[in-house]
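Read from first to last, the chains carry the letters A, B, C, D, E, F, G and H; within each, the first residue is number 1.
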Amino acid sequence: MKAAFVLVKCEQGRVAEVAKAIIEIDGVSEVHSVTGDHDLLVKLYAESYDAFGDLIPTQIQRVAGIRETSTMLAFRAFTGGS
Amino acid sequence: MKAAFVLVKCEQGRVAEVAKAIIEIDGVSEVHSVTGDHDLLVKLYAESYDAFGDLIPTQIQRVAGIRETSTMLAFRAFTGGS
Amino acid sequence: MKAAFVLVKCEQGRVAEVAKAIIEIDGVSEVHSVTGDHDLLVKLYAESYDAFGDLIPTQIQRVAGIRETSTMLAFRAFTGGS
Amino acid sequence: MKAAFVLVKCEQGRVAEVAKAIIEIDGVSEVHSVTGDHDLLVKLYAESYDAFGDLIPTQIQRVAGIRETSTMLAFRAFTGGS
Amino acid sequence: MKAAFVLVKCEQGRVAEVAKAIIEIDGVSEVHSVTGDHDLLVKLYAESYDAFGDLIPTQIQRVAGIRETSTMLAFRAFTGGS
Amino acid sequence: MKAAFVLVKCEQGRVAEVAKAIIEIDGVSEVHSVTGDHDLLVKLYAESYDAFGDLIPTQIQRVAGIRETSTMLAFRAFTGGS
Amino acid sequence: MKAAFVLVKCEQGRVAEVAKAIIEIDGVSEVHSVTGDHDLLVKLYAESYDAFGDLIPTQIQRVAGIRETSTMLAFRAFTGGS
Amino acid sequence: MKAAFVLVKCEQGRVAEVAKAIIEIDGVSEVHSVTGDHDLLVKLYAESYDAFGDLIPTQIQRVAGIRETSTMLAFRAFTGGS
């Protein structure tokens, strides 16, 4: 499985509503509210990087109340002793 | 336990070396190389938010080869059905 | 008490109105209009960092006329001779 | 008196040292370590906005260990009932 | 006289209309359409820095079709042989 | 011919629609959906740099569903052995 | 083949030297000097997205004179009539 | 004549020295120290946009003490009654 992270800015006052909608999407494993320029940090998985090309615009970005997203694909997960 | 995320820019050519040093730090649970403006995304845990005030400058930021960091504290982890 | 700073972008033409609404919120101690990318800099206090996780989305971000916020938690206040 | 805020990025591992040097500068009233893209938020006062044009480059920016600064001048401080 | 620069993002398709409205404002001396993240760069003058605190929010930012502004005050104009 | 690149943020859920409208514009040679802060990267050509001053605001930015653009002009294309 | 774009900031005065080194790397198809926050825009190809995870840090980022990179993977190339 | 603007970040403590070197370069008409993320705003002229492709990297960016530049080309200068 491949991992990606999406930083999300919500329309003001809709953070909890957006978070609850995103966590129900297939492939999404974590949704955190965070300090800084964005409201939410989302971690999601797919079988291939290509799959994120569909999953992010057609599933994540269509959630009502999202204003802006920034996507990072994770290439490699480092582990202790690696 | 409280969670935080740190985005890291490394000196050019030192990404793997920095990642391997960070993953050994107590409290660090994940280190991913990522696309975008930063080289690494780090997830770490501490017993309180106050503890990040020490952990990040004295442990993470002192790793040789780090050029810049951006820190996000996670307030709430949303879960399915929450 | 813990301190946090919130940088605020307002809908065009609503800076003074937003500032006056924010200064009335419990825990807010200072609201300044500032040069740069943001319109307002807000300083606020809470009893714990956890409290900001509620205070900022439910109180600050719901003020009408806010377009975008960026939150910084203050870990440590340095003082002369410290 | 006029107020300004300076966000500071420090060379890695030198945050406390830089903060302690800045707090000793005349006109500086607060130095906080903060989450986000910057390491420190500094509040300072001067008799006129013009004075910041000297104070910031000749006093603040010359502190050893500073890597980058971003300056915001405060135009107006909003107060309750104003 | 003091100088300031304002970078402006317009609502899509309204750049020329916004530029023509801004150039008519007292104190505005130049309006350029520019490449990059912003649509327009505006140069303006006022008798004091304090005056920008009124001029920018009440005159510039209220122009219809502006989406976002970023303000820079100019401290010193360097000249040849200075 | 001169080249330029435009990074585009779309209104949420309209990326494919915007991309298909842009690719039909004269002078546009490539439209890619991309990871990161923007949704699309567009490459376009014109006979002179001056022509981009018209082409980008009157053709690209008027496509329905665009929220924000950032324009880069390409000065020089480096080629192997150059 | 999959495509990616890398925006590059160079050490001051080394743009042409860096560009000439990058264009010789396998998989790199275009290097342009550009206006804006970055000095160069690089287009490169690999057989899979995974391959960029090696190619970018071990080939591109090790070029002498690079100061900072920002990577965008291209998911889909839109074409006329698509 | 065509106009361009260059925002400059200097090495800490070298703003005045850099400004004085830039103002002596042919084509440079204004250099201002400014508030915000950058230290200097430079206005320069050339006979064509192509000329900036040489002027900026070979003249401006080689000034000792510059750390980073961001370039905006000006397409059109709006004037009153235009």
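Just so we're on the same page, a residue touches a chain if its C-beta (ideal position, glycine included) is under 8 Å from a C-beta of that chain, and two chains touch if they have at least 3 such contacts.
Computed from a predicted structure; not experimentally measured.
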Which chains lie in contact with each of subunit B and subunit C?
-> A, D
Which listed pair, E-F, E-H or B-C, shares over half of the residue-numbered contact pairs seen at A-B?
-> E-H
Indicate the whole-number Å distance between the mean C-alpha point of subunit D and the mean C-alpha point of subunit G.
-> 37
How big is the gap, in whole Å, between where the Cα atoms of subunit C centre and where those of subunit D centre?
-> 17
Check: subunit A positions touching at least 2 other chains come out as 16, 33, 35-37, 52-53, 70-73, 75-76
What chain pairs are in touch here?
-> A-B, A-C, A-D, A-F, A-G, B-C, B-D, B-F, B-G, C-D, C-E, C-H, D-E, D-H, E-F, E-G, E-H, F-G, F-H, G-H
Mind pulling up the subunit G residues that touch subunit A in the complex?
-> 48-50, 52-53, 73, 75-76
Across the complex, what residues on subunit G touch subunit E?
-> 35-37
Per the touch rule, the subunit D residues reaching subunit C in their complex are 3, 5, 16, 19-20, 22-24, 30-36, 38, 41, 70-80, 82
Flag every residue of subunit C that touches subunit E in the complex, lowest number first.
-> 9, 12-13, 15-16, 33, 35-37, 39
Note: in the complex, subunit D contacts subunit H through residues 52-53, 57, 61-62, 66-73
